[in-house]
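Both complexes shown next keep chain A, but they swap its partner, so chain B is in the first and chain C is in the second.
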Partner chain A sequence: MTTTALKEPVRDTSPGAAREPRRRTGRIRRVGLPYLLLLPALLLELLVHLVPMAIGIVMSFKELTQFYIRDWGSAPWSGFGNYKVSVDFDAPVGEALLHSFFVTVGFTLLSVALCWLIGTAAAVFMQDTFRGRGLLRALFLVPYALPVYAAVITWVFMFQHDNGLVNHVLHDQLHLTDKPSFWLIGDNSFYALLTVSVWKGWPFAFLIVMAGLQNIPRELYEAAALDGAGMWQQIRRITLPSLRPVNQVLVLVLFLWTFNDFNTPYVLFGKAAPEAADLISVHIYQASFVTWNFGTGSAMSVLLLLFLLVVTGLYLLFTSRGRRAADV
Partner chain B sequence: MRSIRAAAVGAVTMSLALAATACGGGSSSGGGSNDSPKTLTYWASNQGASIAVDKKVLQPELDKFEKQTGIKVKLEVVPWSDLLNRILTATTSGQGPDVLNIGNTWSASLQATGALLPWDAKNFEKIGGKERFVDSALGSTGAQGKDPAAVPLYSMAYALYYNKQIFADAGISKPPATWDELIADGKKIKAKGKSVLGAEGANVSENIHHVFVFAKQHGADFFTADGKPDFTDPKVVDAVKQYVDLMAKDKVIPTGDAEYAQNQSVSDFAKGKQAMLLWQSAAANLKSQGMSEDAYGIAPVPVQSGTPGTGAQTNSMVAGINMAVFKNSHNLDGATKFVKFMTSDEEQKVLNTAYSTVPPVKTAQEDAAFNSPDTAVLKQTLATSAAALPQVAAESQFETAVGTAVKELFADAAGGRAVTADSVKAALEKAQQQMPAA
Partner chain C sequence: MSDSPMAPPRSFLWSRRIFLTLLTGFVLVPVYVMVSSSLKPLADVTGKFRWLPSGLTFRPYIDIWSTVPLAKYFVNSLIVAGAATVCSVVIAVFAAYAVSRYDFRGKRVFTVTVLSTQMLPGILFLLPLFLIYVNIGNATGIALFGSRGGLILTYLTFSLPFSIWMLIGYFDSVPRDLDEAALVDGCGPLGALLRIVVPAAVPGIVAVAVYAFMTAWGEVLFASVMTNDTTRTLAVGLQGYSTLNDVYWNQIMAASLVVSVPVVAGFLLLQRYLVAGLTAGAVK
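Here is the complex of A and B:
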């Protein structure tokens, strides 16, 4: 590349009719090459991400039931039919979807808040050096490093009614309950799900916040300590404001992951989740795969996508505006 | 410069290749062919104690088939948790196996997709004719009035397995023949500190199998004659309530079973913690869990009164595995030959013995190997008192909707909430509303 760049100015000095177009192709070549090299990646991205997404959106406008899945070009178009069914909150399908949506929102808010709180607290406490800090840090990351399936299956065993560890501790040893509770069916399933989700999610918050804390200059704390600020004031005035950009991303990522989480509820409860823990991802799976109605399932997925887009957009808008104001 | 050109050429080639793959996927709406006559792919369902066991049972038979016909069969044993999803994916993409096992209750649902080869008279002729098969098994191969979507391979029925020692300790001389007797026996068993009857309360399919039989015993059906869901019929409500009441009111099913979905009730029985189990062809499973065949007895599933028979005396569903040919197969002739091989008298004896199931082929059934007390009860049930689950296109949705409703009712019972006729009706009403309108 360097050789061409050197040669060309020399050529330009001698005038000639053929020069102009040649220079243009040269420029196209120079400008075009990076795009050409990007093309495979772009096509792969299209193939892996965007095409399936587009097909999903197309599917949501079709009546894609078991009668048509073999040749789904032949499935009749249903216009907004699938969407109407999904958002008709007076009818059973829409009502169930709305219920599932509220459960998911409640679950996500609680899970993200707890993950963040525990993760941040642990990261702050781990700031000071003490014996065994490395060991504890490694230990804290274990839930995050374990394969989801293995970890959640272990929780299923622990939550069992008859010989689970949770009931053994709560009931047999601590006598907190009158009789062993059910954790995997009925209303308690919500708390079981929340527990597993927080257990699985907080190490990530811990990791990210810990990394963010490394960037806060120690002098700030020293100066604050000289001025007589206590620990709580240091956290409030120095740590949290400095962590703001980190937290902004962290909370968003945790929110999206938790809201869309499929593995945890699926492994905990199987195909038919209890009503109290009927998260929307499993609900949509059930609406499409188990009842073989891929059109409605796709419509619900598109609605979910729109909701998450709106939430993410608003969130970024507000947080970045806040930051800009703070920067001034 | 040369390396840049090479890179550019590489980029273009790769892009073209990608574009070609993306376009090449298209749906294959055409039928099958005989393009590759020397190979077959076979998806077997998991019948033995594990997938490894299945491979050990099936491989020698496939080798035999290869020796006879020169066709090599590539075997994949698909676990139950994946099988239906795999079939749906294969149906959607047109890329599937040539021959596959399906749960016989899925026959009508899968038939509706049009992915399976219909077994018309001509095709049946190729495997020796429809008359070779037992009627009850044929009743579970697709919607009425249509050519079957599959051929029966293994038949199973529910039976009551009871622990002889626990019965003797409790002073019970013979297994219960009616539900009232079972509940009365339950009191004696509980007095000895054992649990009475196992159930898989959180297993949607198991729930369906049981409430279906209870509905039959109440003279009700979940679907009307023209195939419309009718879950809130008072008789259906009574039937479902009677099943859930075994836990809620009669207390013979322990509350812990409400969350069982992984065959824990079979383990409880095999370990001698629980006196009775309603299961289909459990012998092989119990053996693999270390329970000796002498330790348990096997009897027909109880009825309301009298003896098992047809109609209200039904005491089992027609359970079993069917074998189907994927319409898009590239070796239709070979696939048909393979089905003929697997349903031949000789193979039926080998396979059904290995899986402790009953052959759905009449001539194979008469073999002495299937006259053991265990198989005799199953054979008798299949022949006289088993009914096929509804053969409607929406069967799969029915299993999910009603099975989940029963799961929730068990959860209520386990959590100490009252299970009343109203709460059962409400649950079933909700299930019915989830059914497709068509």
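Here is the complex of A and C:
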């Protein structure tokens, strides 16, 4: 493959190439050039991500209700008032936030675990060529390629109480339930959300693991086969350990995406998510745009960000201990 | 590969067969529902679910265009996603080239900062961004809020971090000797980038473009807040079918299919590049 051919030179040149002295003293002594190249990316990141984040943090300390929305700077300061409301778990607002947080944590753990498991299993099973592999690979990527709203809206149809496929199969055809269930309201909504999330998310894990598998040298398998290791042993001893660096990034990315996911629950349930599937993003959206209380919404967002920062930091610390933190 | 010293054991073959069959079913059922329901008459989708249509009809595919202004949404999405993709790829190529080929102060800070923006919950900067766009509009007269331009600007930054990250890895895998030679031959640094590095990294660039287009085409949250009647994109516009008194599920499925075809077809055609790009770039 082209990729393996292209990869080889990296190993040869990478250690010294980055700071090759010739380049610095050579003709291109334009110190400004790299900065110039970075400038557009930097400006846009500042405008769309970093400045808004800073403003969001400022807003979280303000009493920003609809009356001040035209001129948000004039809203009165409220100190830690918004935070106090958010984390007062005995009062309704805090209690609802805590509930939403736990729902999100449970949902995220299950979804990430299932996505990873299915994606890895599929990639490992499809590592060797067999008839129809290319077709199957393309098919498996369809859920990932579909626009979120198109995919999720199909699931909404399938989960309908009266005319949906799920109730038709479970109740009418398999007689597993006494009466048709509600899937998009009540406790079942958690499983509905989880199903959709896994259906949509596992192909990403599949894609990444598949790419990771291509970087495992063939010789390792040949050597193991000569030593008499069977297929299952090769998977356990070679494939899975070799995937560790890939998994470190993959699991983190899956975790962050799933935890912050807004699109799936929003299309699945509309503006008001059922309590059992009240993911934190939608919850904060609700708190901000439905109640028009942007100060509290911002405080909740900042708390969410802090939580994600801590989790990511701990995760990287914990997982990098074994292997030298190679690079970002 | 096919004539490996040891053929896979039966347990492996059977596990593979069972697992892949179940997984294919799981993946295919919604796709089947989408396709078959889009060809059903309305009675079939309002009554009990049926696996097979009572009769095939292409009516939904005609009606979708008049029930909601789908064509307008389609054009909006095409403009927004197309422009965001082009801008994002160009900007990412420059940034990745700088990081891959130059040593400069703040390099690490830059890559870490850009990557960590991936972690931000969209909800955190949705409202501030909305306020910034409104204020820029008031101060300069450049309408960002509600306009396609504002959405393009927003979306291109969504795909930027991942694109830069992936392209750095990809550019690193293009031998430096090649652009050194171009520099010696009198190309400027930009000449070396455009004539040597970019052509050698086409798979990576295509992969990044696919990713950027998909991101912009599928985004819901910002589209639902930052568009108005004239600039509405498909992500929001598609919900128009279900806010009516009757829910035309056959039309919804037909519309979903129509809006999915460009991205799914593009993605499947280019997925080889994506896997290759990920292999060389992201998953090193």
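Note that the second predicted complex is superposed on the first by the 284 of 328 C-alpha atoms of A that agree within 3 Å, B and C clash if a C-alpha of one lies under 4 Å from a C-alpha of the other, contacts with A are read in each partner's own complex, and residues count from 1 in each chain.
Keep this in mind: a contact is a pair of C-beta atoms (placed from the backbone, for glycine too) under 8 Å apart; a residue touches a chain by one contact, two chains touch by 3 or more.
The structure displayed is predicted, hence computed values, not measured ones.
Engineer: Considering only touches as defined above, state whether A:F182 meets chain B (first), chain C (second), both or neither.
Structural biologist: Touch status of A:F182: first partner only.
Engineer: Is A:P143 contacted by the first partner chain B, the second partner chain C, both or neither?
Structural biologist: The answer is second: A:P143 touches chain C but not chain B.
Engineer: Quick check for you: in the superposed arrangement, does A:S301 touch first (chain B), second (chain C), both or neither?
Structural biologist: second
Engineer: For A:L37, decide between first (touching chain B), second (touching chain C), both and neither.
Structural biologist: both
Engineer: Contacts for A:E275 in the overlay, against chain B (first) and chain C (second): which applies, first, second, both or neither?
Structural biologist: First partner only, chain B.
Engineer: Mind telling me which of the two, chain B or chain C, contacts the most residues of chain A?
Structural biologist: C
Engineer: Tell me which partner A:V290 touches in the superposition: chain B (first), chain C (second), both or neither.
Structural biologist: Only chain B; A:V290 stays clear of chain C.
Engineer: With the two structures laid over each other on chain A, which partner does A:V93 touch: chain B (first), chain C (second), both, or neither?
Structural biologist: In the superposition, A:V93 touches chain B alone.
Engineer: For chain A, give the residues common to its interface with chain B and its interface with chain C.
Structural biologist: Dual-contact residues (chain A): 1, 3, 33, 37, 40, 44, 47, 51, 72, 160, 162, 289.
Engineer: With touch defined as at the start, can you tell me which chain A residues reach chain C in the complex?
Structural biologist: The touching residues are 1-3, 6-7, 9-10, 13-14, 17-20, 24, 27-28, 30-31, 33-35, 37-38, 40-42, 44-45, 47-53, 55-56, 59, 72, 118, 121-122, 125-126, 128-129, 136-151, 153-155, 157-158, 160, 162-165, 167-168, 172, 199, 207-208, 210-212, 214-215, 221-222, 225-226, 230-232, 246, 249, 253, 256, 259-260, 262-263, 266-267, 280-281, 284-285, 288-289, 294, 297-298, 301-302, 304-305, 308-309, 312, 328.
Engineer: Which of the residues in chain C end up touching chain A in this complex?
Structural biologist: Those residues of chain C that touch chain A are 1-2, 4-6, 8-9, 11-12, 15-16, 19-20, 23-24, 26-31, 33-34, 37, 45-50, 91-92, 94-95, 97-99, 102-104, 107-108, 110-115, 117-129, 131-132, 153-154, 156-157, 160-161, 164, 172-177, 183, 189, 203, 214, 217-221, 224-225, 234-235, 238-239, 242, 249, 252-253, 256-257, 259-260, 263-264, 267-268, 271, 274-276, 278-280, 282-284.
Engineer: Can you tell me which positions in chain B touch chain A when the two form their complex?
Structural biologist: 1, 4, 7-8, 11-12, 14-15, 18-19, 21-22, 27, 29, 85, 88, 91-92, 94, 109, 112-115, 201-202, 204, 255-256, 258-259, 261, 393, 396-397, 400-401, 403-404, 407-408, 410-412, 414-415, 430, 433-434, 436, 438
Engineer: Quick check on the complex: what are the chain A residues that touch chain B?
Structural biologist: Touch list, chain A to chain B: 1, 3-4, 33, 36-37, 39-40, 43-44, 46-47, 51, 65-67, 69-74, 91-93, 96, 160-162, 182, 184-187, 270-272, 274-275, 286, 289-293.
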